[in-house]
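Should a chain be cited, it is by its letter among A, B and C, assigned in written order, with residues numbered from 1 in that chain.
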Amino acid sequence: MIRIAQLVKNYGNITALDRVDLTIEEGECVVLIGPSGCGKSTLLRSINRMVQPDSGSVYVDEQDILKYPPETLRRKIGYCIQNVGLFPHYTVYENIAVVPKMLKWSKAKIEERVDFLMDLTGLPKEYKTKKPHELSGGEAQRVGVCRALAADPDILLMDEPFGAVDPMTRVKIQTAFRNIQKELKKTVVFVTHDVEEAVLLADKIAVMQNGKILGYDTPSNFALHMEEEFVRSFLGLDYPVKLLKRYNIDDLLNQESDSKLTLNELLAGMLESPDGNVTIQNANGDKQTLHFEDLIHYLHKDDQV
Amino acid sequence: MKPGRISFVTGGFLVFLSWTLLAWGEFKINRVSRGITIRMMDVIPLYGWILMIAIFIVSFWFELYRPKIKQTVLLWILTIAPALCLIGISGFVPSLTEFDPNVARVSLGIGFYLFLGGILLMVSKGKGGQTRIVSTLVWVFVALGSGFADSLGLIREYNNLQDVFVRELFRHVTLALLSACLAILPGVMLGYASLRYPKAKEWIFGFVHLFQVAPTLSLLALMMIPLTALSRAFPFLADLGIKGIGFAPAFIVLFLYSLLPITSNTYAGLSQTDPFVLESATALGMTEKQKFRRIWFPLSLPAIFAGIRTAMTQNIGNTILAGLVGGGGMGALIFLGLSQSALDLVLLGTIPVVTMALLIDAIFAILEKTTIKRLGVKYDPHRTIG
Amino acid sequence: MIRRKFRIDLMLTFYFIALLLWVFGFESFKGTLASLLGSGIGLVSRTSLPVLTWQHIQLVALASSAAILVSLLLGMIVHLTRNEEAESLVMKLGSILETIPSAAVIALSIPLFGYGNGPVLMALWVYAILPILRNTIVGLQSINPSIQDAATGIGMSPLQRLLKIEMPLARPMILAGIKTALVINISLATIGATVGAGGLGVPIIAGIRSYDPLLVLQGSIAVILMALLTERALRS
């Protein structure tokens, strides 16, 4: 869906992108992660031509993005940044409706779309007429997400969108985003420096340093097959524990329940118990004992024997 | 210290001073003769004096010990005081002097001005202070226009020149505001150009800055030279009214003068727009033109309005100088009065200019505030003017 | 120790030399100028240009120094008393006074001081106070409060803190205010000629009244150069 080939970008004598290759499949959420200055934002912004690379190409659906005028490209790509950048003189409704209006959607269609998106992100209907300065940080960011999704783009670019939000709201908004992504299945490229955020949201993680991609794999594979020294230290020695946050008890037991017990909470329970076993009870009253080995089996289930 | 105390006490002090010591004006039997000094005590009979002092003391007492509704009532009463005193003064009749009641006049002196200033300070405290200030001034104007204060020198001069006054007033306002309005478009474009072409910025700013630093009078005088030469070379220009004297040099100088505040405020407004907002606009797929028209320019409007406000208020004042080069306006009255030592005439010319300047400033302040509210923009309080 | 390179400001030197040349050389080249303008030499002011220039400088210098004194004192007092109301009152009065056209203030001070240099000095003084006072107050207000905290913590009295720390920190703003005041005064002093004061306004007004471009040039160029020179010198 998005193919990046040998992208190079230099700022003076600083190399931001060093012959980067990356392929992102349709419907995948790929998180670019790395220390400050590693080039992740530059890479992201090369996709919608906010940054003009010195050499190399970007292909969307096998079309070179240089073929279109930049505005046409950008109207088909959603973009969310940390500072949101909502237009202060537009209401929430007008902010979200910007791109659809440019694409000449009918008023009815725009109304419907705005309602749908506000519902999806959990914004009350009354907020339509509010102005950005009346919103809290978390609310503003949700509007930003709505605005990015307004014209139903296939691709969504997000640059540390939840960074300016306080930790409590951030968890809520991350969970909301995860659910939205499950429903909409957009192709998302997400930049963050927060490993836990990456683990939570990503289908694939790309770890970058000095303009190069050092590792590109699913979150679980990173836990099991990490060779590169820098990647190990960046993701943290406790990475497998962080990884547990991504899954919950339903994934482990292959069931559908209302329990939202995440696997790291399960691990915590196991640590509390003297023999490492935890007994859980589901809605029917059935009891089940889980052992520490069950966690290990689950994590390694895809390993080649 | 309780808020408002300082204004109140200073005001009170000024009022007291003007009542007892200072001259409220002069009685002159005609325009040019020497005047007989009038003091407050001469104007108001004894019982009036006692009444005033009583009100004064009561209001002070209320202020210091029991600030409540009753005190505000007192302050509202005070707003009428200058107007009444004005009428009172104009009725002053000296004893032992022969005079023609249609020609004799009373010229206002420092005592009255300090009294007015003192009252304004006193009533400004507390809630509704601004409204009270405006109402005091309105009462004064009402008194002036009521016909009861006709022996004031000010009114005499006005009555002498009524048509001229109105004509020159109109000319003044037109000259000042039109030249500022005409400078809006070039000013905004120059401001935009300074942002777009950083290399040109130094030159543009240097150019417009020149006209602010150079003394207005000298620019005006210098402007006359080429204009005279032009109108001699091309007589049709003179027929159009473009000559070395008259409104042409004044208009051009005022126009050039208006450029700096507008240009530099436009530049400030454009450059201070939230860069993330602009980035979002580009990222959403707006063309440069769309971005400018829908986002960048509207968000810079408060700054631009501030520039226009400065340009207009400056111009109202500077247009006085047009009177020196035959451009008319209130300046003509002022300088005429100066040359004839008829200070009431000078006052007649000055008061409208001051009022207009304050009025335009206030109107634009309101305009700025509402625009800021509607745009939801946070605006820089540091006005960048020349 | 870092040696600061003393860079010669070209524009400044230009203005200065041009002013000197004009003021002292005017007599010599007025003939050429006259023929260029196509006018006769006509009535030339009785006072020579250098003397007029000096008068002008005196007016401005006198009024400005008095204004600087008063403004600094008033600004410091207002700051020391920490009275918000006084501060806002002073600022508001100042901005209202500024909206009043300067020519009007000259005219209005005639009853008090008669004609001549008196009312002009009065008006110059008032109009110089406004920018200097405002900049002093704002400059002092905008000092980082943690610096004031630190100074008090060391054991400085408010007065010491004001004089040793705050005033030096506010200096750039104050100097900017002084610059504005001086430029305003140079401009205002030209109008003084209409009420009988001296200075470079005299030939300008005389030139306007008698349609003599030579007189106009004589005064205008000198005063414009003076203004540009002062503004440039106090820039930074």
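Here, contacts are C-beta pairs under 8 Å (C-beta built on N, C-alpha and C of every residue); 3 or more make two chains touch, one makes a residue touch a chain.
None of these values were measured; they are calculated from a predicted model.
Chain-level centrality, scored on Cα centres against the all-protein Cα centre, points to B.
Looking at A-B alongside B-C, one finds more C-beta pairs in contact between the chains of B-C. Between the Cα centres of chain A and chain B there is a gap of 59 Å. Centroids of chain B and chain C (each the mean of its C-alpha atoms) stand 22 Å apart. Residues of chain B that touch chain C in their complex: 1, 3-7, 107, 109-110, 210, 213-219, 221-222, 224-225, 228-229, 244, 313, 316-318, 320-321, 324-325, 331, 334-335, 337-338, 343, 346-347, 349-350, 353-354, 357-358, 361. Those residues of chain C that touch chain B in the complex are listed here as 37-38, 83-86, 89, 96, 99-104, 107-108, 110-112, 183, 186-188, 190-191, 194-195, 200-201, 204-205, 207-208, 211, 213, 216-217, 219-221, 223-224, 227-228, 231.
By the touch rule above, chain B contacts chain A in their complex via residues 274, 276-287, 290, 295, 298-299, 374-377.
If you check the complex, the residues on chain A that touch chain B are 48, 50, 70-76, 79, 81, 83-89, 98-99, 102, 131-133, 147.
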